[in-house]
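What follows is chain A paired twice: with chain B in the first complex and chain C in the second.
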Partner chain A sequence: MRRRWFLALCVLTVLAGCGGDSGGGGKVARLTIVVSAPFSRSPYVAETIARGVELGALDSGQVAAGKAGFNVGGTTYELRVLQLDSGLSPRQALRNVRRAVAEKAIAIVDEGTGVDATWSIARRAGIPIGIVYQGGTGLVDPERRPNVFRIAPTDHGVAFRLAEYLIPKGLKIALLYDDTGYGQQGARALDEAFSRNREAVATRLLLPSGQSDLAPQILRARRAGATALIVWARGPTIANALAAARSRNWSVPVYTPPAGADPVVRQQLADHPEWVDGLTFAGGRLTAEVGGTAFEVFATRYRDAYGPDRVGVETRAGVAVTQPPEYAMYPYDFVRLLVAAIRSVEGPQDRDAVLSAMNEVTVAGANGDERAFNRRNHDGVVDDDVYFARFRDMVFRPVKDDPLSATLPAIDQLQ
Partner chain B sequence: MRTASALLALLLTLLVTGCGGADEKRAREPGTVTCGGTPLEQEPDLPAGFPKPAATTYLSAERRGPTTVVDGFLAGELGDAYEAYREAFESAGYSILFDELEAADAEISYRDPARSTSGQVALRERCVEAGRVAVHITARPA
Partner chain C sequence: MTRSVRLAVLVVAAALVSAAPAAGAVPPAILAFPSPRVPLSVEPPLMGSPASFPVRFLGHITSAQRIRVAVDETGRPTAVIDTLRLTLRGSGDYALSIPAPVLDVRPGSGTQSDPGIRRGSIVWLGFSPGRRVLVADAVLDVRKAGPVLPVRTSLEATVDGRPLTGRERRSGSLDLRLAVRNATSVRALAFAAQADPLALADGLDRIRRAIRAGRDAPEIPISVRGRVRARSVQAEAALEVEGELSFASGRTRGLRVEGASVVRTDGRLRIRFSRRLGDGHPLALEVRATGEALRLPPPTLRLRVTPTLRLESLDPPGASTWRGAVRAGLVERPGTRLIDVGVAAFLRLARVNQYRNFIGNPDPGVPIPANEAVFEYETTASVAPGPAPAPEPSGLGLLATVALAAGAGLAGAALLVAWAHS
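So, the complex of A and B:
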């Protein structure tokens, strides 16, 4: 009998914590942030994004120890993160956004797949979308898609910075891209970036993403006289392209967009670490003008919460390699901007007001630089912040032959 | 005698090292750059009507693939240089995509009114020469 009373008390306690008045007399409401990312197809990218969202929510405020939330306008808002797998499928991404609408989500943090089809559904529900991986040029348009924001290097920035870096070297470049949305958007950006310097382009070739042996395409690039390759593809295809070149003793320099840093590239080539040496990728700078301290603090915070992101490979000296949490930094900053916007308009009830406030607020980003959007620009990473890093012994360091990159510190990847 | 000579040499050394001007001292600081040289005779290949605040001098311009890169300096302090560029962009009808003023540097990312060019003006307070702010401009097809 005493046990039954105890059970009833427990149920009442749980119910009281689920909504309605909090113990302090204020209201309690739950806000859901949906993470739509390819958990099944690109687990590293997706999980890092989800962790960045969780940390961003926690660092925006806590209503109890380890419980993300904040108080505004007499209401306590608890933040909840709902992970939905997009599987890199636009159709699944559409289902995810419909689910987000049904859940009355306050925001969708998205890897980028399917946004062309999903943004208008989210817009009608007053839900901002924060793209934190894909850089496709048409994905973000403040006038036509006022609810779409992005914190990630743009394809435009990556492609033009690659052109600025490589064309003065006098290289004949083969532009290779895969058949995923990521590759197709990258191909468009490369075409634009190299359109004024066609003499620098040896050839342009499609790499089928489902094909592990890319020898035919790599041989065609070689026969076309290429002295450098830009491979704009998802990680597994980059690894396959490298394997096809190196296994034929072709030491051609290989350049990639940020996907070149995806751990899957090194994992796939773990049996031939020398094939990774020299691989150069373009990415968003991880550190601010004032130095690397802020990013190191963020990386420590991430590591304390989740442990190190082990790449699954070792240096030649046998030291395990870890991945810096770059793709946690962008969603982290987006969530903090979102919460700052909600606070600035005294709560999330007026969705249009929140969207509008997203153009007004500024936060200190995880790397120490300011993050902000405005009415004319919904891209949080500017083109001039794209840098280059090169792999040596399974870790990457900023290159020395690019003015911006040469000023950047190396990030520890052996912790 | 030998002691007196050594003392004299030491005094001379101290005098010489101590006499370097502020510019010379700054030149020894890491991260500083020379903001001097011969001004460009021709205007660089920047978009038509690209803002050029008074007291700005262009020293070099180069083409890196599709992008024009210009370096120079602006006579004055960082905060003044930042405000001068901000105002000049706004009055020329440029869109400011992002801007940031920090303790020793500032950036203004822009897009021209025709939406055909975008880039950045980066201002750095690290000139060897006192009273000058380094100006670094990029202009690439938007």
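So, the complex of A and C:
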């Protein structure tokens, strides 16, 4: 009899550990996924991430109509998403992770800010962190940070692909980066990528992110003999750099990391749409080799749930431009991998087992490709999958002068 | 019946089906030699976990492997590292999940994409712009890979009857014995029959030319007469073995060596040998050295073992072609003998193909000669308790480090990490 009481107590303890409660029929437990993202400072990025998490949870299973969850090992797990604003502040990100620990969260989906400080706290609580925006090289390290995963193009991959793409063109490139963590990490990746071809680099300049007039820096780049710019910065700074160059009739080609596709760039330059023409950004491919169907299905699902993400600009023909849900795709895939891992170990109780299983499961990603981590690599977007797209008339298309990009279909952005 | 024989039964049974009426000794039947693509044993290729995801690549993949084997002073394997180099030709996505008993994997020199590891498999995902080279240094579980290696070595060095081990250097009466045995031999089912000698001779000549040109051996239809008998034969991979036993210091007096030759380079005594094991040659080689040791340390064994498709047993006796040999009467009972030659050759090719796919090429469709493998054995220093020595940056350093780690009861993979970061 005492043994039976003890077992019952254990079950209750486990359920409590999952933040759940015991229902009448089967056991029911609630699992919380925390989204830590800059809702106040980069609302587009943060909202898209949160929506991707919600959709990923719903598409991992539903315990009732519109209620995300799944059943494993005789227990029904309801998935709940808790949004916490990081404000691009590492300190706030730290508070968010402490909150996630207090909530006994099953995972944290993170834009990337502050992960250097937060991962160890999450690690002690057995919580995986899925970074879905920032690509900094040091953020992910399977040996030292076994609980940190990422589905987003890495800075290393973006920088090396930019070098691979631009160096053969014989351009003299000015490497411009802003003073945010995103820009600093990008600068490091660019330095490494161009280290063997220093003759291709005309100059290297810091762009103050709070400064709207970047004319002095752009002029310095021009005087240094630059024939191309790589601007590794957040969206507003990219727009400011473009404005500084184009307003002085300098038609230098401009290349950026994925932030170049941030709607804020086009919004800021809406009065001069021609300034956006030719802007080329590197990003994670949105479609698979077999075609764009899988991503279109995902984009439709996203649109049906939240409506189109309107960029707030129009083409010259007056058609409203929408943004493909790229930054929803990554958290969507992460949540589905998380649930696949939980299912594979028959439940979330053993947090180490879940972390371990994250290295072993594979799901079909929203773009149709396999999405997976492994023990050696916690980056779910491989460097080879970085492609280039160029803006024309406020919408972007894959370029034709890069082997991977040339194989990719254009994504409809006028719906 | 062993699993290997069971596999072979399937191979030969397929060949015999069309010949079944011939048992009645009436109509001629068409047979084919056993396919060199059908394995005669369960391993190699090494087994691991089932693929994590379907292998996907629309182009072709060739494989080159360098398998480094650390052996202890008795010749027992203590660590195995396979440097797997895949060359992808063709444009498109690749998703490779390659089964292997892998403990750890690191990007190999020259790789254009980093490998990943899952339980029992090496994984790669990415895009090939037309050509992609993927290289991994895979640390294999010696308990699983060791028994599948192509040769077994046994080494015994004594001075005055006492084993020479560790870091000691001794003087006295030296007795050194090395045995290297081809361990690829399995029993396989074959067939015996009689056919038109000149047609067979032409077929063998075509096979030989194709192999020498680096192409797949063509399928040769054999029109047999009379009874077809199933029979069990030994089949082994043809192995080119080159090796040496060397002493880091010390001298000898009155050294007598059997089965090898003695050279001295850089003041070091080296005993060298080179032999083909199998393919009509003995399956084992022995080296013995006796004499007087003067402050001699234990020897270091280095072996290079290459499974070769260029079979000497496919060379015609006394002529440049089989047709010429048959016409000159150099082949006794050629109607049956040439079938035996062909069957033995194809079974050997099957074994060689297996060992050239020690870790299986994820593209099974490439020509057999497009895959290569070489096995390099080397004795590592004896394992002393205490901290492992600082790893060396060379490939040998890696092997020695992993071997030492294994011997010291540490995780080889963990030390590999230290080496890779040094």
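Definition applied: the second predicted complex is superposed on the first by the 391 of 415 C-alpha atoms of A that agree within 3 Å, B and C clash if a C-alpha of one lies under 4 Å from a C-alpha of the other, contacts with A are read in each partner's own complex, and residues count from 1 in each chain.
To be clear about the criterion, a residue touches a chain if its C-beta (ideal position, glycine included) is under 8 Å from a C-beta of that chain, and two chains touch if they have at least 3 such contacts.
Being a predicted model, the structure only gives us computed values, none of them experimental.
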item	value
Which superposed partner A:Ala200 touches (first chain B, second chain C, both, neither)	first
Chain B versus chain C as contact partner of A:Asn374, first or second or both or neither	both
First, second, both or neither for A:Leu166, with chain B first and chain C second	first
Broader residue contact with chain A after superposition on the shared chain, chain B or chain C	B
Touching partner for A:Glu143 - first (chain B), second (chain C), both, neither	second
Which superposed partner A:Asp383 touches (first chain B, second chain C, both, neither)	both
Contacts of A:Glu289 with chain B and chain C, given as first, second, both or neither	both
First (chain B), second (chain C), both or neither touched by A:Asp271	neither
Partner chain in contact with A:Glu192 - chain B first, chain C second, else both or neither	first
Shared chain A surface residues [contacts with chain B and with chain C]	289, 369-370, 372, 374, 376-377, 382-384, 407
Footprint of chain A on chain C - complex, ascending	52-53, 91-93, 95, 104-106, 113-119, 123, 125-130, 417
Parts of chain A lying in touch with chain B, wherever the complex brings them together	156, 160, 163-168, 192-197, 200, 289-290, 369-370, 372, 374, 376-377, 379, 382-384, 407
Touching residues (chain side chain B, partner chain A) in the complex	31, 64-67, 69, 95-98, 100, 102-105, 107, 109, 111, 118-120, 122, 138, 140-142
Partner chain C, residues of chain A touching it in the complex	143, 288-289, 359-360, 362, 369-370, 372-377, 382-385, 403-404, 407
